[in-house]
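Take a look at these structures.
Each of the next two complexes has subunit A plus one other chain: subunit B in the first, subunit C in the second.
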Partner chain A sequence: MRRPRLAEWQLALPLALAYAAFFLVPLVLLIAVSAFDDEKITIVGFAQWRKFLGDPFTWKVIVDTVKLGCFTVVATALVAYPIALVYLGAGPRWQRAILFVVILPLLTSVVVRTFAWIVILGREGVINQAVLWLGLAPAPLRLLQTEHGLVIALTQIEMPLLLLPLLSVMSRLDPSLRDASAGLGATRWRTLFRVTLPLSLPGLVAGCMLVFASSTTAFISQFVIGGNRLVYLPLLIWQQSLVVYNWPLAAAAALTLLVSVGLGVAAISALGRRSRAYAV
Partner chain B sequence: MSLRRVLGGAAPALFANDAKTWRCRASDLAYRVVVGSLAGLGLLILVAPVVIVLLTSFTPSRSIKFPPSGLSLQWYQLLFDPVRSSQIHRAALNSLMVAVVAMACATALATLASVALARRSGTWPRAVDTLFMSPLILPMLAFGLAALMYFTFLGFRPSLALIMIGHIVVVAPFVLRTTSASMSQLDPALLETSASLGAGWLYTFRRVTLPVIAPGIAAGAFLAFIASLDNVPVSLFLAGPRSDMLPIRMWGMMESALDVRVAAVSGVLIAIVLVLMLVMERLVGLTRRLRD
Partner chain C sequence: MGTRANRQEKGEAMSERRFTRREFLAATAVTGTALAMARPVHARGSVTAAMYPGTWEEAFRAHVAPALKAAHSVDLEMTPLFAVDQIAKAQAARGAPPFDAFVLDPGPRVTGIERGLFEKFDAKRLTNLARLPSGATDEWGVTVAAQVVGIAYNPKKLPRPKGYKDLLQDPWVSRLGMTGFQTTYGTVSIIEIAKQFGGSETNVEPFFVEIRKVLSKVAAIGAPASMPALFQQGQCDVTYTNTQTVATLRGRGVDIEFVKPDSGAVAFFTTMHIAKGSRESENAYKYFDTVVSAPVQAALMQPPNNFIPVNREVKLAADLPMASLDEMAKFVHHDWAKINPLRAAWIERFNKEVAK
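The block that comes next holds the complex of A and B.
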């Protein structure tokens, strides 16, 4: 019994080694590079960090990036949760249809989805055609290169990430709990807020974490829809590393993004745990 | 007197009851309207872009306008023209090659790892599992930059092989997740029976474990393939002029003057995904696996 167990344990080694060599070491290197002062990476020092974090522009970019993540999480949760509720009440055929509709965008390339939103939000786009045709505005609205437009686009781009964990938890809920709640005279709202929501909270929190992490780092969507007027951390990383070739600064920006995302995800997780304690 | 008592007792209750059911019904209606319209909006937001891209790709005009003023295949013709779209073809071929290799390697490595980690609780296996899953939540852009610095310091020039390595790391979690889910459904009694009947480890793996977890592996491999094909943040840093990748090229086509061929490429990609998705649904029940 001892020997096969040992052999089984060793099966994780190839992937572990690959991760050590090509994932952990590069990340450690990233930290090391950020601790250099000059672009040629010869002088060790923290002047780069001091300059980066002492710049008010940097802080504006950090706040904007976190704000973008928060807005996207709220907007996504607001439409995704009702979809999950409809899924819960639907028959098996509709459930399959909804699941299909959720997964199809997930599997279509992010670049394709971003392109779709240019067609929708552009000057001659779907929304502007409709607005002009209905006479709601005298001239085409500017939707591209605005934060609103970007949040709307990211809502679609990230929604499957929230829906999958949510649907997974929702479909495992015991339907008799909802029936019992209704049978005891609770309105649908009360059942939603006192039974369904608390029980599905783990799925919602997991989904929100994924959406936050993904929307704050969605470089192509941010850049193409937001333009270079809206600056977020990914754009800064890209500019510093591949345009200006200031690797220490790029590394500092990348680590800042890493920490911001980590803190944001931890905050969402903590919020989920607290609201769970209140709900029960 | 008795009548008054009856009325006095029952009437308020009756009215109260009536008011209550009315309020109940109103709240029920409000619930249906609010949840229904938000869900409808959500589903519209999910589906409309895909449909709009497909329709736009058939536009006869030189700019992107919706609805298109007619139907034409001119952008598809231009896209499949071997001379005028040769750059796109090369990028697509590179992406396909990287995706196949990354999928194969990630599937092999992650399947072995999930067999090793299955039903194992303890600090070390948990830590290793967290490490393996971390690319899903960690900003991939930071990893892409880190990989670029790492390979540059080691003296490598950008090449397809480096992109493959980068992709293996970021797509392995997809295989690990679906395969681990299948492993947890494997009855350990089967393994013990097989061992007690004298079967070796490899034989048990081939004849007992593999048949049970094969659908999970297939679903994970499919997701890994798609994730590699779509990957931007790692390719962005590791792709060079001679190793152009399709998503990066498409980004370039959207950047300067909007190239309508992007719509045609999108149309082709959507069609491929649709077909693959239906096939995988038939073979391994993909949607159910993704949900669970």
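The block that comes next holds the complex of A and C.
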């Protein structure tokens, strides 16, 4: 039974080859391109890396990008978790309805959803009209091209990425554990924090990692809603690769984004492991 | 290592059906062959053209494709790409272009020439050559449309601005929507603003000095693609843009007027080029000839396309800021061979100046 199963790894081979061809090879190419000094990719050197990482503005952009990911993760988790609890307590028919509503935004293009947010967040948009009508502010609020406006939009755009793994884990929780907790005298809040939350952590952590990776790299949403006033790494990559054709610098920026996102995802994963150990 | 039958006998099979090595190799071969054949197939009598997405693509599908088919029996296939994306793709393809014809603004055109991405162009092969203004063709390609850039504003919200200087003053500045140096119209407009404060085609420093003073008031500094939506949604009520965008927005019922600035409107030309290594250059010439022919140019000028034609036989629409193509010679023109080398530094500077 322990012998290597030939057929199984053969079946995984096409995917492995595709992964190697379409991810590993381009990644190696990206690293190679970043190790050139000039735009025409002829002189080997690390001048672009020195220029990129030696500029304090780059570090501000890196920090802003990671910060955007963190804010989006926190906002998405705070909104998504109550929805997941409602899902947990709902009957099968409502569960199907909630799942459908969660998946619904994925059926529209992210470009369409992003442009819809211009209509919602704009000066004459739905939110501002409501704020003015209710007399909550004397003038329209500035929501577009601000970090909080972008986080609001990204929270909705990225929501399915957090909810789907969370709901998948939640639906497999054994209801008798919560009943046992209640039977032993725990309040609903204590049951939530000592039973439900620790058991649903794997789903929450997986969702947070997806949201972090997706929101920090969401070029279209960042640029359309944030405009030029909010500069994140994907904008720098686009400018360098497609507007001024400085591919070595674009490659250095892309690798920096890859490392930043990788570290962020690893941090969320580590945080998840630690809090799980603490909770249990 | 046993055969499939052996393994099944030993109870190792997870499912009833497994692939044999032969089947696996056959499947791989089929997949490989399919991938190998999936390269762009240039059918007889076709040309693949890169095309700006949106208005341009829709207009070319409606008017150029049928005309090309009728006149030359050539099918037009379009790949929607912005100018900068065309250059990046052609450069990455290294001699095996993913399309036969480019459509470009002046900045990317100069980059394309510098990086050897175009075939040499023989203007004499265009039957419509005599109907084009002098200088509309050169050794690299043909001009197919003109663009005029100036100021657009909402007359119901703001008084009429006189020129670029007004954009940085009240009441306009607090309703101003801007874009950076990523686009041709953005770059030339910022140059024109800089000129009002003592700058020049190669010196935009005065712009940065002036914008720093009013940055907190500016209504929006957006992505180029989002500017029409920002204007339509009232996020900004004055911006710099081209006549085509103004006409398109007006067609959608937006309150918008075009202003020819007192320092002059900016004119530049959109050109087409044959991609280096294209195997359909014959059809590319037929395609270009169709695009600049009078009936097609007249159709492209009509709403909702709103192109500015380059064929002299086409009478210009009444709402354009000139009565004839010759008048455009008096408009402001820029030398992109000088601008391109400076653009990377300007973009970097713009990021740093406007980022919060």
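Note that in this section the second predicted complex is superposed on the first by the 264 of 280 C-alpha atoms of A that agree within 3 Å, B and C clash if a C-alpha of one lies under 4 Å from a C-alpha of the other, contacts with A are read in each partner's own complex, and residues count from 1 in each chain.
Note that a contact is a pair of C-beta atoms (placed from the backbone, for glycine too) under 8 Å apart; a residue touches a chain by one contact, two chains touch by 3 or more.
Since this is a predicted model, take the numbers as computed values, not measurements.
**Q** Putting subunit B and subunit C on the same copy of subunit A, do they fit or clash?
**A** clash
**Q** Should A:I118 be classified as contacting the first partner (subunit B), the second (subunit C), both, or neither?
**A** A:I118 contacts both subunit B and subunit C.
**Q** May I ask you to decide whether A:V224 touches subunit B, subunit C, both, or neither, giving the answer as first, second, both or neither?
**A** A:V224 sits against subunit B and subunit C alike.
**Q** Between subunit B (first) and subunit C (second), which, if any, makes contact with A:F57: first, second, both or neither?
**A** second
**Q** Taking the superposition on A as described, I'd like to know which of subunit B and subunit C A:A12 touches: first, second, both or neither.
**A** first
**Q** On subunit A, which partner touches more residues: subunit B or subunit C?
**A** B
**Q** Tell me the contact category for A:S269 with respect to subunit B and subunit C: first, second, both or neither.
**A** neither
**Q** Using the touch definition from the top, say if A:L236 reaches subunit B (first), subunit C (second), both or neither.
**A** A:L236 contacts subunit C only, not subunit B.
**Q** With both complexes overlaid on chain A, does A:V244 touch subunit B (first), subunit C (second), both or neither?
**A** In the superposition, A:V244 contacts subunit C only.
**Q** Quick one: classify A:Q145 as touching subunit B (first), subunit C (second), both or neither.
**A** Second partner only.
**Q** I'd like to check the shared interface: which positions of subunit A are touched by both subunit B and subunit C across the two complexes?
**A** Touching subunit B in the first complex and subunit C in the second, residues 7-8, 10-11, 14, 115, 118-119, 122, 124-125, 224, 241-242 of subunit A appear in both lists.
**Q** Quick one: which bits of subunit A touch subunit B in the complex? Just the residue numbers, please.
**A** Going through subunit A, the ones touching subunit B are 4, 7-12, 14-16, 18-19, 22-27, 29-30, 33, 78-83, 85-86, 96, 98-120, 122, 124-126, 129, 152, 155-156, 159-160, 164, 167-168, 171, 187-189, 192, 209-210, 213, 216-217, 219-220, 224, 234, 237-238, 241-242, 247, 250-251, 254-255, 257-258, 261, 265.
**Q** Flag every residue of subunit C that touches subunit A in the complex, lowest number first.
**A** Residue positions touching the partner: 1, 7, 12, 14, 18-19, 21, 24, 28, 31, 84-85, 87-88, 91, 111, 178-182, 219-223, 225-226, 229-230, 233-235, 343-344, 347, 350-352, 354-356.
**Q** Hey, which residues of subunit B end up touching subunit A in the complex?
**A** Going through subunit B, the ones touching subunit A are 24, 27-28, 30-32, 34-36, 38-39, 41-43, 45-50, 52-53, 56, 63-67, 109-110, 112-113, 115-117, 120, 128, 131-132, 135-143, 145-150, 153, 165-166, 168-169, 172, 195, 201, 226, 229-230, 232-233, 236-237, 247, 250-251, 254-255, 258, 262-263, 265-266, 269-270, 273-274, 276-277, 286-288, 290-292.
**Q** Considering the complex alone, what residue numbers of subunit A touch subunit C?
**A** My answer: residues 1, 5-8, 10-11, 14, 57, 60-61, 115, 118-119, 122-125, 144-145, 147, 223-224, 227-231, 235-236, 239-246.
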